[in-house]
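A, B, C, D and E are the chain letters, set down in written order, and residue numbers restart from 1 in every chain.
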Amino acid sequence: GGEGSGGGGDRIRVALVQGLAGEEFYETMACGARAKAKELGVDLDVQGPQKFDPTLQTPIVNSVVAGAPDAMLIAPTDVKAMIAPLTQAKQQNIKIILVDTVVEDPTIGLSRISTDNLKGGAAAAEALSEQVGGKGKVLVISTDPGVSTVDARIKGFEDEIKASHPGLTYVGVQYSHNDVGEASRIMNAALAKDADLAGVFATNLNSATGAGTALQQAGKLGKVKMVGFDAGPAQVKQLKDGVVQALIAQLPADIGAKGVEQAVAAVKGQEVTPSIPTDATIVTAANVDRPEVQKVLYKAGC
Amino acid sequence: MTGGAAHDGPTGTGGAAHDGPAGTGRVARDAAAERAGAKPARTGRGGLQVVWIGLVLVALLAAFSVLAPRAFPTSFNLLNLVSDAAILLLLATGMTFVIITAGIDLSVGGVLVFSAVVAAKVTEATGSAALGAAGALVTGLAWGGLNGVLVALGRIPALIVTLGTLGMSLGGALLLTGGVDLRAPADLNLGLGLARWLGVPLIVWICAAITAALALALAFTRFGRHTYAIGSNAEAARRAGVAVRGHLIKVYGLAGLLAGLAGHLSLAKYGITGVSAHSTDNLQAIAAVVIGGTSLFGGVGTVAGTVIGVFIPVVLQNGFQILGVRPFWQQVVVGAVLVAAVYLDQWRRRARDQ
Amino acid sequence: MTGGAAHDGPTGTGGAAHDGPAGTGRVARDAAAERAGAKPARTGRGGLQVVWIGLVLVALLAAFSVLAPRAFPTSFNLLNLVSDAAILLLLATGMTFVIITAGIDLSVGGVLVFSAVVAAKVTEATGSAALGAAGALVTGLAWGGLNGVLVALGRIPALIVTLGTLGMSLGGALLLTGGVDLRAPADLNLGLGLARWLGVPLIVWICAAITAALALALAFTRFGRHTYAIGSNAEAARRAGVAVRGHLIKVYGLAGLLAGLAGHLSLAKYGITGVSAHSTDNLQAIAAVVIGGTSLFGGVGTVAGTVIGVFIPVVLQNGFQILGVRPFWQQVVVGAVLVAAVYLDQWRRRARDQ
Amino acid sequence: MAVPLIAARGIVKSYGQVEALRGADFSLGAGEVVALIGDNGAGKSTLAKILSGVERPDGGTIEVDGEPVAFGSAEEARSAGIETVYQDLALCADLTPAANFFLGRERLRPGLLGLLGVLDNAAMRRATQDACERLGVRLPSQSAPVSALSGGQRQGVAVARAVTWARRAVFMDEPTAALGVVQTRRVLDLIRTVRDSGVSVVLISHNMQDVMAVSDRVEVLRLGRRVACFATAQASMEDLVGAMTGALEQQEGRP
Amino acid sequence: MAVPLIAARGIVKSYGQVEALRGADFSLGAGEVVALIGDNGAGKSTLAKILSGVERPDGGTIEVDGEPVAFGSAEEARSAGIETVYQDLALCADLTPAANFFLGRERLRPGLLGLLGVLDNAAMRRATQDACERLGVRLPSQSAPVSALSGGQRQGVAVARAVTWARRAVFMDEPTAALGVVQTRRVLDLIRTVRDSGVSVVLISHNMQDVMAVSDRVEVLRLGRRVACFATAQASMEDLVGAMTGALEQQEGRP
């Protein structure tokens, strides 16, 4: 609300601090949270940094704390770096709910509604293996090294391949710096280098977009299989267009809604659930139209 | 690849071909000294400026061809190289004009995204791809014009103006889309996005044609002449009757227009608006311009140099990846080779000037 | 907050206090004209240069205090503001020196990360936090020195050199860590990272003290004088016997040293090396310097201006977050207010100069 | 007396605390050569810049042909037929002499190319070469930028440019300061030629011989004010120097 | 004859295709004033820059006190006691006159502050003011940057600086080009004073009156070569102009 700092009313005020503003996953989470907040009649304020970066998220947490909301949902951008600002928030009697990611300090976060990116990565490996028929060279295209969520996806992917897909040859990871052009260049060079490339795991939308364009130009669309991450409208379109053959869908809207529920419960002194794990779903062209899968697709805007 | 070669190549040697900024591309061997009005030792042989850095590019191409003969010098790979560089080329060409006026434009990535969003929205609303394209161009032009007005009339440093409009255009694009990428209409993505002519993607032809036209405009027309004059000495240009403010608005408008076109082409090529995907575009474009021998202090530079400057990092990245250099090493090596390439360029020029 | 105020505040009015670059901070009302040696209309009242932009900052603080009286002007919030800005302040101070010489340093973010990694590794290996700190400083100095050598002796444009070392240092940091953030030793993170003195974090004291010392050095010492001279006219400085090359190496070395220290402090504060963070540090620092009235064309500028330039975006962001402005709107509004603030500054200066 | 071509009255201009002009008057008749002289820092260049539209005065009036004007830009003065050789020359160092010579008035190719704005460099080069040679200034190369020229060569380009384009008046701020003996003589001749063709000339110079040799009238500026006016024929070198240094105080009289 | 202070032989320098010096000779004795004259573009400034260590020659030898030297930088020439007023003045436009005057030789505060490199601005300002006033150049404000000075004021600062620091020789490249009548006279007087104190002076000028008035010898450069040497007392103005323009060809003889 405009007089955001006032807190004069007795409506509960909740803040959501995203890991990254303007990304479909977190925007969908915000949508879910907003819908739930409206339903429960609480004020929700959404903030987020322009990069998935603790040095950018810390000032945001600090200013949110300065506004003294009753509760804060946050997707911490680092398991360690965010402990200090969150401790400060806790000391101001703000109820903290961790969504998507977590911090190392177990005393922070009355409730943790986490996505398991390791598991998501493993699911991607599984999906890709199935698409390429269990053998061939596979490549990962990621954003930037050091982004914990994405790193976890890659690790899950690698571990799963080593553990249970001996037919796949892992040719490594390349970083696109979240630039579609760069992702496209990487894909081109990869095709030039390994003409027999079988599959690609693109860890986020921009990587998949760029790689898909390169495959399209090369006439290899659908021949080189690609698995993407997240299931926003753009990704689903890519799935339907045959750019990617499978998507790993998490449940951001659900996480947002549950987070608000837990926050309100905490503020009201009701019982909270300390840990709520969520699952990753593999979406393919074959199952995308099924209602239970439709439910996990991210919504555009709200 | 570019029409710039037409006048900057060896054919132009001797400087007899045109009266343009004779030292163009002769970057600041000591830029600071140069701008201060000290008389740097440079000759008038305007035709040679891009030769050395061009040779560096040729050497890189040759080296990678030798090291990876079966993967690098294939028509498949080279065509992809060109195709990936095409859109950046548009941004860098606009940036060349801006930097020659001693300005800078950090907003290109934001304007690109905003224009792509407008194109997607307009096409969606009207069903007409032509209207979408027009929307992107007009939007780009408007942002560029705003930059120009603030720089020329508000006299605010270009860095601040374009940093501001970068934030505004990116934020605006996110507001329009709610932070969720819009998709291109299928007939755009599958039409213009995939179309080829003589085996080369149409997008490449478009970018090459525009770059060539602008290279010629910069070298041979009054518009180009005034661009150099303003960057060389804006006050002298003003006293000589050049409409400095109007010209600056046009130059920034051109850069915006090109960013708008780039947004439309990017939408066609990649099929989505890429709201989060263009944060490094401005630095890439600026780097290409500077590698190509344009001085950040204005007054000198060529589009042909910029074309080479676009390709050097792209070729390096591609070559090293094909050679199987590990990603972190790639970053290190690309950085080092970049510095070495420009050093070689500077050093050869100095040697020749002796 | 900074000692820069000691000579740039109203006490210095009349310019009688020092002989330094008299027009410092009087940024390019038409930078291009200025660099070309045309005589811009400016007066010698060296003391006033940061007053107007300082007033803009005060106005912002007042406005947010009125709009959010219970959240914004609290000691808790203001302390956070200062604490968030402290590390950036170090980078921006180093950048001020570099930009006054008409250079630029894009590598600061990379050098910061590399130094943090070295600090973490050294501390881990030796168990000594002091050795870790020394490691970070030496590393930063080495990268800065490399920049300086390439710029001064290699005569490569600073933009290219530091773009190259940015890639090299980031790639190097990733190689050292394997792409995974290293953790700070607990006693660093919980010690220096949390320590306070008089209620203010120790890190803030360190950054403020260094900034103040450098503000004084720039304004009152031979080192500062030569920095301005080189940016104003490197050739004239050379002819006057200033060791231009050596001085440039020192200036870039200083910027690197400060980035190294920033890396160590950042490691202490956040507890991680942040290999993926800091990609926008260079632009943030450059923007702060330019907002503070330093010209990208060199020769003019003050550290006091830079301090204000660091705080304006930080305050805007904080204020809008507290007011609950949504993130996308924030981007738009921060961009617009930034341009408006600098415009006001320029406009007031012009009016005063009439 | 006829309406003067340019009449300025009470021009005031300060830069911060420095008062460059404190109510300076100036007048220039059609077809006459007026020397504007004064000590260093007297305000001569500032006055020339104001009358050329480059700087705006803080106060005072300017009339051209008896009509009050307020030059908003150099462009307006130029379109009134007034050209200027600035003391700092105002050349673009990165451009060639020909590009500088024709800056703002580029000659275009005939036909379609011209409509597209394509420059006729060959023609401009020839014209520049000719104009400089008339002054005795030899340019080593037409394709070298102005930054590669010697001090005198640069000044030659600036003088040739102003003289070529002037239709009503030329301001020359120390036009021969860097020129050689022969070139200086040629410029003085040129000033006479120009005057004879009906264009007025304002010569700012510290060389009293030149001033005596070429001017019809002399106006003396001192500390930002006009302190004396002489008809050259009736003044001696000592008068001029005395007026400049303040040794001789003439009551300001005739315009 | 005594060993000359500076003797240069066969200096060659080209910039790209332009040959600025084609084997120029030059010599300067201790305690003498030598005028170096020549047409525009003859190579005078280039020669002065080479002998000041600012530019490196492509060929030829330079001897100081009979010892061959290769000035690698302006710093080396300066430490040999040679100062120069450059034609382009070489001032830092953003710095104050005092900062320029003492650039590279800043005066520090006494005591601890001085060890920290803290400048003694008050003292430097006073010294600059004094030096300029000796030339008759009045600076409007000590805190204004050089970019705010008039052309003559700037030149005054550059001349005062060179003269103050020279111990063996001063090169003055057109030092009075922008100066007023009185200031020019003072500079000429100063040249004599400097000479009398044992410092040699090289005066580059296009003003033959000044050259005749102040120099002991005249060397004439034409198209990059020395074409004549005169003892001033035995030369007429016509000789000088003839040699410069090539009308009179003197066989090169005495050094």
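What we mean here is this: a residue touches a chain if its C-beta (ideal position, glycine included) is under 8 Å from a C-beta of that chain, and two chains touch if they have at least 3 such contacts.
All figures in this text were calculated on a predicted structure; none of them were measured in a lab.
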Shared chain contacts [chain A and chain B, defined touch]
C
Looking at C-alpha means, what's the farthest chain from chain E?
A
Any idea which two chains share the most contacting C-beta pairs?
B-C
Between chain C and chain E, what is the gap in Å from one C-alpha centre to the other?
41
Taking each chain's centre as the mean of its CA atoms, how far is chain A from chain E in angstrom?
71
From the C-alpha centre of chain B to that of chain E, how far is it in Å?
46
Centroid from C-alpha atoms only, then distance chain D to chain E, rounded to Å. What do you get?
28
Can you tell me which residues of chain C touch two or more of the remaining chains?
36-45, 174, 179, 231-233, 235-236, 238, 327-328, 331
Listing for chain A: what residues touch at least two other chains?
21-22, 145
Would you please write down the residue numbers of chain E that are in contact with two or more other chains?
15-18, 88, 90, 92-93, 141, 144, 148
In their shared complex, at which residues does chain B touch chain A?
68, 71-72, 74, 76-77, 80-81, 83-84, 87-88, 174, 177-183, 186, 193-194, 201, 266, 269-272, 274-281, 314, 317-318, 321-322, 324, 326-328
Chain B partner contacts - residues on chain D that touch it in the complex
52, 54, 73-75, 78, 84, 86, 90-96, 98-100, 103-106, 108, 116-119, 121, 124-125, 141-145, 147-148
Using the touch definition up top, name the residues of chain C that touch chain E in the complex.
14-16, 18-24, 34, 37, 39-46, 217, 220-223, 225, 228-229, 231-233, 235-243, 299-300
Show which residues of chain E lie in contact with chain D when the two form their complex.
15-18, 38-41, 45, 87-88, 137-138, 140-141, 144, 148-153, 156, 174, 177-184, 206-209, 241, 244-245
Once bound in the complex, which stretches of chain A touch chain B?
21-24, 26-28, 145, 172-175, 177-182, 184-186, 188-193, 205-206, 209-210, 212-214, 216-218, 232-234, 237-238, 241, 243, 298, 300-302
